[in-house]
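Report on the structure given below.
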Amino acid sequence: MILKKEKLGSLLDMLAGTATVLVPTAFNAEGGSEGGEKATGFLPYQAGSAVDLGTVKTTRSPKDALLPQTETLYSYEQRGEDVTLTETVNNTNQILFGVRSCDAYSIACLDEVFLTRTFVDTLYYERRLGTLIVGLGCTATERSCFCTSFELDPAVAPGVDIQLTDAGDGYFAEALTTKGTEALDAWKPFLTEGTKPTPAELEFTFKLDTAKLGEQLKTMFEDPYWQDLSMKCLGCGTCAFVCPSCYCFDMSQNNKGSEGYRFRTWDSCTFVDYSMMAGFHNPRPTKMKRLRNRFMHKLCFYQERYGNSLCCGCGRCIELCPVGIDISRVIEDVERVVAHD
Amino acid sequence: MSRIGVFLCHCGTNIAATVDMTRLAEATKELPGVVYVEENKYMCSEPGQQAVKQSIIDRGIDRIVIASCSPRMHELTFRKMLTDTSVNPYMLEIANIREQCSWVHKDKEAGTKKAIDLVRMAVAKVDRNAPLFTSEIPITKRALVIGGGIAGIQAALDIADAGFPVTLVEKEPSIGGKMVMLDKTFPTMDCSACICAPKMNDVGAHPNIEIMSLSEVEEVTGYVGNFTVTIRQKAKYIDYDLCTGCGLCEQKCPSKVTSEYERGLAKRKAVYKPFAQAVPSKPIIDAKNCRKFTEDRCGVCEKLCTVNAIRFDDEDKLVTLEYGAVIIATGYELIDWTSLYGEYGAGAYPDVIDGLTFERIINASGPTEGHIVRPSDGKEPKTVVMIKCVGSRDPHKGKAYCSRACCMYGAKHAHQFLDKIADGECYVFYMDVRAMGKGYDEFYMNTLQDGATYIRGRVAKIYPEGDKYICIGEDTISSKIVTVSADLVVLDTAMEPQESADAIGRLFGVSRDLDGWLTEAHPKLRPVETNTAGVYLAGTAQGPKDIPDCVAQASAAAAKVIGMFCLKALESNPMISVVDEINCRGCGDCVDVCPYKAIAMETVERRENSVWVTRDIAVINSGLCQGCGACTASCKSSALDLLGFTNEQILQEVDALCL
Amino acid sequence: MSNTLASVQETLRQRARTLLEDGTITYLIGWEAGRFEGQTTPLILRKAADVDRLIYNEFCVHILAKYPLSDKNIEGTIGVVVRGCDSRGINLALKDGQIKRDKLYLIGIPCEGMKDARTGQELKKCLQCTHRNPVVYDELIGDAVEDGAKVDRFAEVAQLESLSVDERYDYWAAIFSRCIRCKACRDTCPSCTCRECFTDQAAMGWQGKETSLAENQNYGITRMFHIGERCIECGECERVCPVRLPLMQLNRKIIKDAYELFGEFYAGIDDCTPHPLDHYLLDDVEEFM
Amino acid sequence: MSLEQAVEAPQKTAAEAAEVAEDWRPKILAFTCNWCTYAGADLAGLNRMNYPADVRLLRLPCSGRVNPQFVLHAFQKGCDGVLVCGCHPGDCHYSTGNYFTRRRMLLYRRYLEYLGIEPERFQIRWISGSEAGKFRDTVVDACEAVAKLGPNTKYREEGR
């Protein structure tokens, strides 16, 4: 069934009535300081907000909707001797509208981490249940996109409920899950008959061979390559915070007198105090060890545990790294370094 | 978890009157960490302190909060109390619920709410206190006395007699200050020379006292027990080791200069001793008026000097010495009434003089050998008018305060005048006669019996008529206008601090009050001490007073210094800055801001991430650091913190305030 | 004018080769081309053979002043290519004792101003740059260029100052609400060289780890005040911010006020003058009597 | 860059401050230096002067100890006004402490005003140990000014 583009606004208005609809929107109205550079994210849809489905990839990934940067775990209050704990219950009802394949793949990775292997993160689970993901096939690529290097199909987003494919004046919507089919019924009044168009042929600036990447990385653990690479790294958290699949978090509390709450917040393995332990012991004290660990986890350790790479090839970190450390160049360098010694 | 004991003081009714103590006690019990709350009528009293000590034992308290008067009053008392308990004296915080709460807020509801907040702040802070320990500071057992007036002389003598070396710095060519200028002193009418001169000679001859005349303190560093003072000894152009004080040069010197000491009534030479009994009794050369310097002629004194002690090429010398304690006795100056009181002739009438000039006239060793004569024509005045409170108790034109000594020296002048001038008439215009010392009022009564006429009122105007001066005033008792035609008018003018006291105060960190008098630590608790440890005050530098008070205060200050010098060593201030070595990046910003140069950068070898690294870190000299905290605010990464006022404590206090 | 970018790059490469071969420097910090057209990234050049990777064009936007600090205990010497902004950053590091001068060999290049690879226009920070000629160097490639900002550096600040207090609060609240606390602005700033930043000192109580508006505000405001009076105006904080916060409007405000209050002062012009807040004048402006 | 768009931020802080409890009183924190202003405050007490009970004094050894971060921290935790008081320049017990404070606060005051804090909420005053009257007047004026401005909602943590 086809959703005509001019009907998109009214569909979103309808959906916004039933749930919080998160759509790619520019959030810095004044644009960046460097001229027209826009920063975009999945913001709640209101009538008249600048929806921008054309963005190839948003600056802030849809991960925000499932693993918010800061999330209260529980709150506590002390009266005299006894302490009362109150759990946080968030009944999420949201629709992630316009998720690209790379982001959908990342969400699948997050699902692996938070929902499988015996421990289920209840907060994440509640959010994930309450989230309908509407994928959107890519019609254009950016210079830093290289999702095909990880065998991703820009037209079909893995694990989404409804997949939209651009069909010129509308989007062809098809439900891929039961949840998707139910949701699609509600869209009926806005849909018209139509056949699924063949997805546009996209050309990427580069494609990498990541087949044997995991093993190759293991062999170059002690290579001086990492030393020079990490010299450039500033140790900031930009790559981890813009990455759709990074999920590490730190926990802390905020207390006010005898009451307060404990929360978790994103952490980045490149931060100095990421692995700082009591007594100032730090297993990864130098920038080299931290940066190496980042790439090893992305491209090797995660694969050992879950079978697929944690990098979805979206290229956000390539665009936004202050010093231009480029994961795709690292992957290429692995070939050169491994071949060399 | 800390076990905090909170002790609420009623201070009689001072606090309890406008703060609901029971409600305060209830609220305090709720605070986290508080295990015991007790109210007491007077916390600072013996029973009060005993109650604290007992509850420390009974309830295993490890931190104390006392809600009472200002910490500036009894923080020391309560710290001393804790020295003989298991609690470290610095595990104590004081909530000021008297001076800053009960006394200043009439509304009991608001006062109680504020008291609860203040106690909550103190509890939050004490929860983060850490035990602090003093260390020992060596004492340089040598004293510095600034100012050679009677106060400085007395203090120097007392300290020297106790066996400690003293340096007495005097800005004038001779010690003696204002007292040596006087003729007689009240109430005993001893002649001032009979008291002052012997003391000056004792000072001159005392093995432990080194007099530095014509010298001024230039620079001070260090702290109590270890002051490093640089003194500028101005050029005297005479070698004091050779000079015998024979006075030949003074006789032959051709250039005559008006003598400041004689207040313009007489002349002195360019090479001169200010007065006969000067100590050191050797002359100096006044370069501004000596023809050798001004016109490069003469040099008579050099030719005549039998021991050729004249040194025209002499220069200022800078002497730097270590001192353990300093007594500031810079004295006073009379105000320049001429620029304030146009109605008294603004100095244009030569026979309208101030008290000190009258002292020079009446002084036997003065220019008039004690004969009371008019400065204008040298005739003996028959009628004298004395006007009190000229500049004192007059906030509009002069000073707001009372200069304390003028009522008595006014009465003395009247008594002396009537004594010396057979059929003299003496009119004293006064506002109130303040004769509150021992034997003072009786002295004033004698002056009345001598026939002095005391008229209650101020003289509104003085104008010359012929060679007389018409003084118009109002007698407020009979409320009649009174005019007196006088031959001589003596104004008892106000005292003001010596002009150099401001610089001395700045050098030693001693603040001055609105009128420029050096501020004592506490008028009743610590009258001769200042807020800078090791710096004491004596004499009129601290405020107008008469000679008996100056001498008493000088001996008190000396006793404090001797008390300190008898200690083996001093206890250092434990509330100083500490450096967190791991966090210090060695940028040196703190070194720039430390007023005591207590921080130095040191290159150290440290093992970081299993690699030996050499880097610079800040190191604090715990002796020099006075705990001001300037470095902590300049350190961006909070590597520097101030014990007793750490960042964490202050932030906890702010958080507690906002609950 | 021998300052054409190509000729400078050629001379730079020759110099790099000779310096590496005769061992004056252990390695050179410069730029190399990124994957995409116009993209550059800092280069650590150790071997003379790889000197062709070293480039100098109008897209070298990164400031190199902070990289030698992560190797401050090196036995040899680090070569660094320095323009106006980098050299002021190096001076700042020397002033703050973060590295010894003898561990650095500075190749100075007068800079014409860099361009944004996407838009092709000169970067705003280069338009506002006051010192295009390096202020400290061991050798210079190319002739000096004319100094002085091409546009008014304080225009945006003046515009913001014209707003009302509430409007300004809303303006900054909207901005700080977007901050993701990635600390890129802190880590790229040449004057931010603390070993442990206040924002990581939750135990002491300065700042929590929560990314609430209040914590973001506390982080952004306090960090900028820490370096405001010693900011070399290299514009890196604004360039690297992933969510495009106009951070230069904060430090420019502090610099503008510091000029009015304490007189003009360019941070990093030398490596010895104390920072404005670390010294005082007896007759400073008095407003608090 | 269009400022107007960015200015209508999502939450309108000024409007929310409309409904304020009538018995609301401003909460003002005063960082005072132990040697001068704190002594001046004590003297105001000795002379039984009277001033509103909305100010709380926090004693520090010197005004030089006041880290600007304390001021912002106070506003964030819920203070409506902050005073920083110290000795008159030249009178500092530690000789140079307040010279640095003067410079720091000159800059910080303008900076916070630029960031949206009303200047009346953050004041700095030199008050010596004998100026009890000046201390009382400073406190009375500050309480009045801050009371007129109402509770401070800017830079304040939620729930404070």
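Labels for the chains are A, B, C and D, by order of writing; each one numbers its residues from 1.
We adopt the following convention: a residue touches a chain if its C-beta (ideal position, glycine included) is under 8 Å from a C-beta of that chain, and two chains touch if they have at least 3 such contacts.
On a predicted model such as this, the values are computed, not experimentally measured, just so you know.
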Winner on C-beta contact pairs when B-C is weighed against A-C: A-C
Chain whose averaged C-alpha position falls nearest the assembly-wide average: D
Centre-of-Cα separation between chain C and chain B, whole angstrom: 52
Between chain C and chain D, centroid-to-centroid distance (C-alpha), Å: 34
Between chain B and chain A, distance of the C-alpha-averaged centres to the nearest whole Å: 72
Residues within chain D bordering two or more other chains: 1, 3, 6, 68, 73, 90, 96, 100, 104, 160
Interface hub residues of chain A, defined as touching at least two other chains: 28, 30-31, 33, 256
Chain C: positions in contact with at least two other chains: 196, 198, 205-206, 212, 246, 277-278
Residue numbers on chain B that touch chain C, as the complex places them: 582-589, 592-593, 601, 611, 613-616, 634, 636-639, 647-648, 651-652, 655
Residue ranges of chain D in contact with chain C within the complex: 1, 3, 6-14, 68-69, 72-73, 76, 88-90, 96, 99-100, 102-108, 110-111, 113-118, 124-126, 154-158
Sites on chain A touched by chain B in the complex: 78, 80, 256-258, 280, 282, 285-286
Partner chain B, residues of chain D touching it in the complex: 25, 27, 29, 34-36, 38-39, 41-42, 44-46, 48-53, 56-62, 64-68, 70, 73-74, 77-79, 87, 90-97, 100-101, 104, 128-131, 136, 160
Chain C residues within the chain B interface of the complex: 72-73, 95-98, 193-198, 201, 203-206, 226, 274-275, 277-279
